[in-house]
Each structure stands twice: as C-alpha cells, then as structure tokens.
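Just so it is clear, A, B, C and D label the chains in written order, and each chain counts residues from 1 on its own.
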C-alpha cells in the first residue's frame, strides 16, 4: 500500500556542502504526495477546487546524502487518517540505501465567505480514491 | 536616482559549486524592486490590489561569484518606462567588485471578469511614487 | 537564552495558496541559526573550516500562515546538546501570533582523508561561544 | 538539432500569483541543458571533474503563464559556440503555446592550484559529444 515516486537530483537543489539542501527533501515529499493525487484522478491544487490541504506538521530524519544526478525514489504511505487530516509517511531510498524518512500531515480545509479557512471532514470519496491510488 | 538594497547571502542560496546559484540572482533583483515599492508606500503584491505586475523579460550578466555570508548590495534604477511597462536595471556590487548586471521588465496588467489579464496603462500616481522612492 | 532573528517574507517565497511554502520555513530556521553563529564570531559554512554541521533531523508544526511582506521573527534556543549534536528549537512569531514551532538537529562531523565524514565531539569553545551568543 | 526535455510544474514552483515564479524558468532551462550532458554520456557537475561551467549570462522572455500540474517541454539548441563558451537557446512550449524563450551562456573554466578559475578552451571531444546528443 505504498506509491513509488522516482526522481533525479537536479543541480540547483544542491548546496555548497555538495548535497541536496535539507529543506528540499520536503519538496520531494510533497511532489510524491501530489503524484498520488494525480494517479487518483484528482488535482490537489487545481483552481476552483472546494477544498485545500495546508500542511500542519512536517518531520524528516536525514540518513544519507543525496548528490547531484542521484536517482532515488520516495515510497509514500498513509500513516494516519483522522476525520480532517491525513498523515503521509515517506521513505526515501537511493537503491538499497535509506536516504531519509519523513512525514507530512495535511488538513482538509474549506474557504469561507469571509476569506478564512475552516477545517472540515475529508470527503469519503476523496479518501477512497487516494487509497486506491496506493494499492 | 537609484535605490540601494542590502543583503547577505544565505547558505540555502548556494549550490555545489560553492556559490550562489544563478537563478537566485533574479530573486535578489526582485527583492530589490519590491523594496522600492514599499519605500514608495505601496505593496506590489498585496491581495485585493487592482493591478498586477508580471515579468515579461529578464536578463543578467554574471561577473563575479557570490559566496555564503557575502554582503552585497543591489543598486536599482528605472531604465526604461513605456505606457504599460517598467524596465528595472539592477547592478549588484560586493564592496567595489561588480557582481552582476541585470534587468527585469514588468508589465502592468488588470484582472478581467473572465479571469484573464489585460495590459493597461501604468497609473500616473504609481509612477510618480516609484520615482520619488528612487530619489 | 534565545536569539531573535527578524525577517520579512519575500514574494518568491510564497506559493499559489497565497502563503509561504512550508518548505521555506526550514530555510528561515536555518537562517536564524546561522545568524547565531555569526553573532558568536564564527561562520558555520566558511570554506576551509575543520567541522561541518549536516542536519540529521528537522520538524515543524505550522500554526498560522505567513503572507507576502509579513514581518516576523524567529526565536531560537538550544533545546538539547549531546556530545556530537545540537538541537535548535525555533519559535516563529508574527507580532503576538504564533506562526510555527520547529526544531533542527545538527551533528558535528569532520572530513576524513578518504572524503567521508565522521561524527566527532563538539569542540568545547564552539559550544561556549554559541551559548554566549544566545545570552 | 534540438533536444527535448519534458517536465511537469510542481506546486512548490508556483508563487502567490498562481503561476511559476519567473526565476524558476532559469532552473528549468538548466535542467534541460544538464539532461543533454547526461545523454552525451557526461555529467556536467560530477565531483572530481576537470572543468566547470559557470554561467556568465542568462536571458528569458516570458510569453505565457505556467501553472501547477502543467506539462511542458524545453527545446534546447546550441545557439552559439566560441572557443571557451557555449550559448544554449531554450524554447519552452506547453502544447502549441509558446511559454518562454531564453538563453544561457556557460564558460568552460579550469580550477587552478590557487583556488581560482581560468577560462579555457572547450575540449573538442566534449563539444562533439554534446552535438551528437542534440542530433
């Protein structure tokens, strides 16, 4: 029940220490999650959509360096689902080497008439489709 | 008739060649321009504003490296003004060393009812205020 | 025993949701930490330095949006110090509003003759100087 | 004699105006160029390499917006080759829509014993291989 997202490190993602800057790992994890949304036939960030999914928490443990041109993959699972939130767990591998383990929790919100956001329950069909994209 | 914007290079702006990535120079130039808007008492990107200023052209010649912790300044002038566009010219200096020379041209557009943008004339008072911020 | 780092949100740090992208918060926290190194009279990333400080773990809880032009501050403390690691705790505030709480753990490593890194004990004087920069 | 590089816009590449930030276009162009180096059996940024290729000039004209999830391609040609420099010309298309036209000029340099760089002639075989990767 994990989706695999494959990626290559680009030059602009490195820093002067010769490796991918740690903040970029969070972009990789987000890319992996958004690929799941697309595979589920949805677009998390399309304009005019009813719900938005701001991130409320993110963590990452960095185990091994990623360098330019490295090919790696992000294995993504749903670690925890509550009424309003999804916690995605990401494992990043370069071949057999563990690169990083992280998680990102997103909350389902709806735009109100006054421009603020309110957390709402995740629509059942959205969850069903996301789960099927992981199968 | 130039505004001075001072900045220090941050670690995350470097790449594996040990210097600021060339794409980041365009962010520095934009920061310098936006500082002029603020000095003029305006916010180029405030929500609910009537006009937006997408970039239609950008150039940069890179003369010297910028490294982590380097302090530098961006000297910004209005190079050319047409009815609908402003071309900003930026000179980046680290002390007496020329780091880069670039330009960014922005066009004044207005959001239409159908969601598209149309180029419109720059409001006279906006131009007056920007010019006074350069004095 | 906290250092304060002041910052303004730049346009390029926002995303299409109209707020600072969550990965950028980790860059803010790093900037705040590096400012402490400078205040302590050291440069964490200077070339030719004996030690490097790769990040081994990072977390952030996002409490409130940051938007373009927002002025905010990062209050940074040493949360935990072990023989080889420092965990920095960062609290981000926009006025009285809590924006985010995060932590970044860095490990002190030394470059070996064969190009690899080995974790080493943090030099006592480095720790002393960092602590005095927080006072 | 052009190479095609295909890409999708990622969420983190957008800004609050709902489109890809203009500085990111320069990263796309660099990715397209580096893909050519790989296709030519070389790695422009590998460690231990004799030559480096810093950018000395970059330009871009922005014709149409790129939005999240947009699929586009970069068509890259060698626009001009001198003894020490290569100017890459990039045309970005989203389907039949012209998105942007840009160029990036890189100079071939060699690291000297004192840590500085000196521009040197491009090795003939490097040029041959790059050209064959465009065929």
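Note that in this section a residue touches a chain if its C-beta (ideal position, glycine included) is under 8 Å from a C-beta of that chain, and two chains touch if they have at least 3 such contacts.
This one's a predicted model, so the numbers in the text were calculated from it and none came from an experiment.
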Interface with more contacting C-beta pairs, comparing B-D to A-B: B-D
Most distant chain from chain C by Cα centroid: D
Inter-chain centre distance, chain A versus chain B - centres from mean C-alpha coordinates, in Å: 32
Interchain centroid distance [CA atoms averaged], chain A/chain D, Å: 28
Distance between the centres, which are taken as Cα means, of chain D and chain B, whole angstrom: 23
Residue list for chain C, restricted to those that touch at least two other chains: 11-12, 14, 16-19, 23, 27, 30, 45, 67-68
In the complex with chain A, residue positions of chain D that touch it: 10-12, 14, 18, 27, 30-31, 34, 38, 43-47, 67-69
Residue ranges of chain B touching chain A (in the complex, touch as defined): 11-12, 14-19, 21, 23, 67-68
Touching residues (chain side chain D, partner chain B) in the complex: 16-17, 19, 22-24, 26-27, 30, 45, 52, 54-62, 65, 104
